[in-house]
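Chain lettering (A, B, C, D, E and F) follows the sequence in which the chains are written, and residue indices restart at 1 in each chain.
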Amino acid sequence: MSASPALPPAHVLDRVIRGALQEDLGDVGDLTSLFTLPVGATAKATFRARASGRVAGAALLPAVFAALDPAVRVRLVAPDGSDVAPLDAIAEVSGAAAGVLAGERVALNLLCRLCGVATLTRAYVAAVDGLIARIAHTRKTTPGLRALEIYAVQCGGGSSHRFGLNDAVLIKDNHVAVAGGVGPALMAVRARAGHMVHVSVEVDSLDQLAEALRYSPDVVLLDNFSIPDLERAVRLVGSRCVTEASGGVSLESVRAIAETGVDVISVGALTHSAPALDIGLDVGKQE
Amino acid sequence: MSASPALPPAHVLDRVIRGALQEDLGDVGDLTSLFTLPVGATAKATFRARASGRVAGAALLPAVFAALDPAVRVRLVAPDGSDVAPLDAIAEVSGAAAGVLAGERVALNLLCRLCGVATLTRAYVAAVDGLIARIAHTRKTTPGLRALEIYAVQCGGGSSHRFGLNDAVLIKDNHVAVAGGVGPALMAVRARAGHMVHVSVEVDSLDQLAEALRYSPDVVLLDNFSIPDLERAVRLVGSRCVTEASGGVSLESVRAIAETGVDVISVGALTHSAPALDIGLDVGKQE
Amino acid sequence: MSASPALPPAHVLDRVIRGALQEDLGDVGDLTSLFTLPVGATAKATFRARASGRVAGAALLPAVFAALDPAVRVRLVAPDGSDVAPLDAIAEVSGAAAGVLAGERVALNLLCRLCGVATLTRAYVAAVDGLIARIAHTRKTTPGLRALEIYAVQCGGGSSHRFGLNDAVLIKDNHVAVAGGVGPALMAVRARAGHMVHVSVEVDSLDQLAEALRYSPDVVLLDNFSIPDLERAVRLVGSRCVTEASGGVSLESVRAIAETGVDVISVGALTHSAPALDIGLDVGKQE
Amino acid sequence: MSASPALPPAHVLDRVIRGALQEDLGDVGDLTSLFTLPVGATAKATFRARASGRVAGAALLPAVFAALDPAVRVRLVAPDGSDVAPLDAIAEVSGAAAGVLAGERVALNLLCRLCGVATLTRAYVAAVDGLIARIAHTRKTTPGLRALEIYAVQCGGGSSHRFGLNDAVLIKDNHVAVAGGVGPALMAVRARAGHMVHVSVEVDSLDQLAEALRYSPDVVLLDNFSIPDLERAVRLVGSRCVTEASGGVSLESVRAIAETGVDVISVGALTHSAPALDIGLDVGKQE
Amino acid sequence: MSASPALPPAHVLDRVIRGALQEDLGDVGDLTSLFTLPVGATAKATFRARASGRVAGAALLPAVFAALDPAVRVRLVAPDGSDVAPLDAIAEVSGAAAGVLAGERVALNLLCRLCGVATLTRAYVAAVDGLIARIAHTRKTTPGLRALEIYAVQCGGGSSHRFGLNDAVLIKDNHVAVAGGVGPALMAVRARAGHMVHVSVEVDSLDQLAEALRYSPDVVLLDNFSIPDLERAVRLVGSRCVTEASGGVSLESVRAIAETGVDVISVGALTHSAPALDIGLDVGKQE
Amino acid sequence: MSASPALPPAHVLDRVIRGALQEDLGDVGDLTSLFTLPVGATAKATFRARASGRVAGAALLPAVFAALDPAVRVRLVAPDGSDVAPLDAIAEVSGAAAGVLAGERVALNLLCRLCGVATLTRAYVAAVDGLIARIAHTRKTTPGLRALEIYAVQCGGGSSHRFGLNDAVLIKDNHVAVAGGVGPALMAVRARAGHMVHVSVEVDSLDQLAEALRYSPDVVLLDNFSIPDLERAVRLVGSRCVTEASGGVSLESVRAIAETGVDVISVGALTHSAPALDIGLDVGKQE
């Protein structure tokens, strides 16, 4: 049984890729290729890493080029989830030069971003190696690309959180404030939510944690706890529910947080601040 | 006359915001607010910077919340293009708590990213202060968000480049390779392009530059030139066309590049690797 | 705190209503009104029940007519969740006769269907009155209308299940067959699913139930159990997880099933076979 | 020459199927299959009737599965328009287990509903066997699915009515009320409608019928007439136009209505209240 | 009672206008206005005819500008269906100069085309003044604009034909050829079509007309008949059905055709070859 | 190297063709073919010119028919850019008669319009034969079809102008009026526009031209100049920028305008008033 992540459904890929092509090509297309390429020119090009990283998004490349020219061929060399070093090939693309060049930037924009997310996730996962803590994403994703960025987190070895507001309950400080406390908020959820909904509650102190545990949440989100408080929290919770730490997590601090024994560490930076991985497309005339 | 940037057209904002809300809320909506908020609860909340930066995207906030609940009110405190310090308010939002909380994450995801782009741009612009060089974006943008990211670059004091493949000619190394040289490529463009198309050509050596200048391009893109070669190139070009430097630009290197006298420095990192600006939404019950 | 259900997000209502109007009006519009109505004719009309039932979908009426003519006014008389008897008014609509008549059928098609779902749900809920069992919907909904039909179930007093394949794990017989047993399937889920995912497993025998319980599912779905086996299953589970019964549930059998003590009874017929509630629109010239 | 009904155009099928898959899979996909299925698992499954009925919608199955995984194969066993008994196979689907299982519910939701409509129509058609009356649908269809439901009515042996407000004139009581009588309404139509528009008028008494006939409508819709009045109406009309009966039609009453000699009997229940046909998907590992 | 034509439904206007604005503004907007207009500049502008014609499409102007800037105001001076001479004002628009100028070309492109269609239709209608023949459009319309062009034909005094393939039967020579004759084709339609479908048949000779009349079509389309044959055809048909002439109709020939007594003359040129009416937008600074 | 124009991107073709089919077929399809064609009937048909002209749009035909029936085959006989005389075949289409006939009108509506544009452009281009002037389109295009109409202009030998408001600056009289003169407008552009934007300015007198030239525009648009003034303007400009003439251009006047030596003549009539080329589809049963 494999742990390899699954691409989002075809309708998501289709929507993202069509949107990106419409954005870059407009209604007119690639003027430069139109004006400079000899009729019938073909090209063979290689997506090649210029830095070390974890691949994510290579699986999108065939669909990007197929949307422009179904006759363009893409061969994956380093599939999603694999590691690359500088100069390593990720994929090769060949066919009519106009199609290859028209798709270059959309392909790279998707690939560099998703590899960037996967590469940063890999670093966090490596930092907690040997401990039980999983590294999870948050909802701090790029509007329109959430499904792909979550996929990239998984390619980096990270774990999933809720996808959106619609698939789990996460009671945050703002809900607690309006509802009048952790207890009233959790009681309201128990009374009103369906039986298939997972419930997490964010707490910011050990007292609030103790109150929350009286209502049997599925997850407690320990927000901005100090390391000693995290340790106390983990002991207090025991096996009663899942513990998740968030807030102020960095590559420097993540191992200490994991050593407290929390089950999950969620890191917004995986998706909101990952620098793009440097990847280029080296094009040559096709022999 | 103002230099303040203009928001993309309404249909672009509408497309991005609807897409982001569909992504985060699905067909179901915000389960947590539904289950925890008392009927009729209202909230007043403040978008507040947690780090110093340049604001971009605050102008989107009214449309985000209006798409959820037309009765929610947004008041902009720090408009796009202004600077904020930690704890400064950017905007206030008030109305039904369900609408305020359902829009929180989409609003923040847009705002933090665009402020991040503007803030990084501001740093590059400041680094070349007093010199003639403009800092420009590239097409290395987030798929689906290009118009907004370019707007954020402008809020940061940056300048525009071409938007897509369809609105200007930029002959890159790959076109040159397939066309058989800078000269043939430029000649083909002159023969085939309409009279309203701007033409830029990328060159990677002084020799190639000299060849390019024989065909009167509107812009020469000096790719990965050393500082001495940039100086020579600027002298060689004189006032014949616009000079643009790109490749290997960082906050450390940008001033030296600008001191060569180039007109434009294009920086992919402005959009592909800007970390999000840290901004929070502090929510209280509305008095 | 209210248990009243929340309408799906505005983008869902907008999509359904626009689609329905495009379908009924085409690109041409309402030929009959165009040809027969005097210029400037106005009308006042009443949506009136012709049978007893529970109202759901009245809250959509303002948006239906506003999409045709923003000047048409809708006044809700019997809001969603209320009960109506024959001849009771549900809502009144007034304005230009062309707008009122053009929206009549789309409005009724939505209203009659959703009231039908709510009314059938109400009957199931009444049948288990005083017992702990909740009546829940399934995913056997009308393509395109799931969010609205789930809302109608809630208006009828029913409870929610998972919305789609993407928001919870429900291991069914087919997954068990391919995975090689309940145990392997649950172990795989535990190893691979994120910490925010609820897990339910369908079992069809007490033996399979016993195996499932070893893996601490959040819910066990007791499929097509006899009443005695349901009683044994409820005792076996105790408070370890939620129990859900499904299969062969009818208005005749549901109380006996509920008396076994199961927590949830899911009923596909609520959405796949509810007859429409008979509702008419009585139109008069506006005085 | 065949009387077999034609599927709606490809763009309609595409819109319905994509919408249904987006609704059920969201942006994430089928979590359960993702977590439980071994890599490379294939499945062969059979859509099998669990009750007697008329098939409609099997022709959609290839498109449903192709939208998820073009490599999944569908073989139709009982094509649309054929009759099935319990345990009869309708179609077989085989390929990657993930694709087969992800499409199961969308496929069944479409198939069960459309077979339900066809099966109920078949019953009405059988009830008037040997008489001239055709059984026709109305516009009381499910929003978004009208074209498919009309197709299902045709698979059940029923006949078509107008599709929407845009393709024929049907003057109803409400138009008559606003226009000031049957005569003024029909005169207005004659003066203003194009020459390619069919005109039907609803009448609720023999007097109104007599008035209507003075204006040569193409169809008279006899609404809620008693059986004796229907007989009188049919005699009165003779061959001057088509007669259609509607209102209060049930499986019990339909034959008596047909025996009056009316040409068409329209039945809203065909589409607004047909229970789903019980159909299951039996999945096995592919040998 | 009015004969003024009705605008297509709001969803059609919305689709056309949004598509046109996306096409002209792209994701970026109006660069020239952005760069040249002083902040806060307002403008008042007048749509003014530069040639004589019939107005159609002025009713779209408010929606065009509202889509760009809801604060722009439009005042209609010469409503749809009225006649204008050179220099006559059609509408005035006022508000922010950026909105007025950004919408100018889309507004004019719609207005000039629709006025062109209405003006040409007016000429055909005038040419048959005093005769019974109506001038009707065909389906030879601009893809995407059919509903608006039919509306323009009506503004010009023309009459409607079928809108599309889906709202009436028109048996053309190609159907006759494949079906094996006019008789078989009409018999097949009678056997298979619903009772609400109008049936027209195209004939190209008096013999074919005689054959067609045996099957009681609603309309006979006399294609490319000579004037004497048209006269014979009209006599032959009498009051049995509507007669329509088509083929080779020009402003020169149309009166002679109408004098044969045909009911309808359909003219493809109304929509496929009408030159745009010359209209300008005169802009001034708003005082 | 070829000067043959390139089709717009696939997403544009897809959008136009799907929209046109939805418009003509609705949700129902082609009633006439459905009722009249024998089961399994095939047809072979030829698109044949009935007048002389230049072909444009034949390249769309495969996509039109594939959208209806992927098994229909299209063979291009006279490709885009070639010339046809009456009775010349343009393309042959063969396959199921239902698909061939359902696509006929959409195919012809696109083809006749685009050939009309190309044919009129060819006439203008021929009229300036031997002179340096290029014939260019304007933005006076059909809403929704701009990319295709520009392609047709290119098939006719014409040259491109800016596509939309977003890809170049063109300062028109209205901008000049609001900005306070040609000088202020051009200065504002120079200060605010990015370095990749082409700048054209419309002038209506030699004085205004002289003022404009002080700001080094890329193009001057000489609007409604007399022939002598055009000659003076061309001499005044020399090689400083591109000269474009517009306004009052007709087939009669265009050569005299071109003889003044202007570089470009833009002609709105190419797209706003080109009559459709007469083309028919001759269908036969397939042998």
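The working rule: a residue touches a chain if its C-beta (ideal position, glycine included) is under 8 Å from a C-beta of that chain, and two chains touch if they have at least 3 such contacts.
Just so you know, these numbers come straight off a predicted model, no measurement behind them.
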Considering only chains that satisfy the touch condition with subunit E, which of them also satisfy it with subunit F?
A, B, C, D
Minimum number of chain-to-chain touching steps separating subunit B from subunit D
1
Measuring centre to centre, with centres taken as mean CA positions, what chain is farthest from subunit B?
D
Relative to subunit E, which chain has the most distant C-alpha mean position?
A
What is the Cα-based rotation angle between copies subunit B and subunit C, on a 0 to 180° scale and rounded to a multiple of 5?
120
Between subunit B and subunit E, tell me the centre distance in angstrom, where each centre is the average of that chain's C-alpha atoms.
44
Mean-CA-position distance for subunit F and subunit B (Å):
33
Cα centroid separation between subunit A and subunit B, in whole Å?
22
By the touch rule stated above, which residues of subunit C touch at least two different other chains?
1, 23, 25-29, 34, 38, 102, 146-147, 163, 166-168, 170, 188, 192-193, 197
Provide the residue numbers of subunit E that touch subunit C in the complex, in ascending order.
1-2, 4, 6, 8-12, 146-147, 150, 163, 167
Within their complex, subunit D touches subunit A through residues 18, 21-22, 25-29, 34, 38-39, 67-68, 98, 102
Using the touch definition up top, name the residues of subunit E that touch subunit F in the complex.
16, 19-20, 23-38, 41, 43, 45, 97, 101-102, 104-106, 108-110, 112-113, 116, 139-147, 164-175, 177-180, 185, 188-189, 192-193, 197, 269, 272-273, 275-276, 281, 283-285
Applying the document's contact rule, which stretches of subunit E touch subunit D when the two form their complex?
1, 3, 134, 136, 159-163, 166-168, 170, 188, 191-198, 200, 218-219, 242, 244, 263-264
The residues of subunit C that touch subunit F in their complex are 23, 26-27
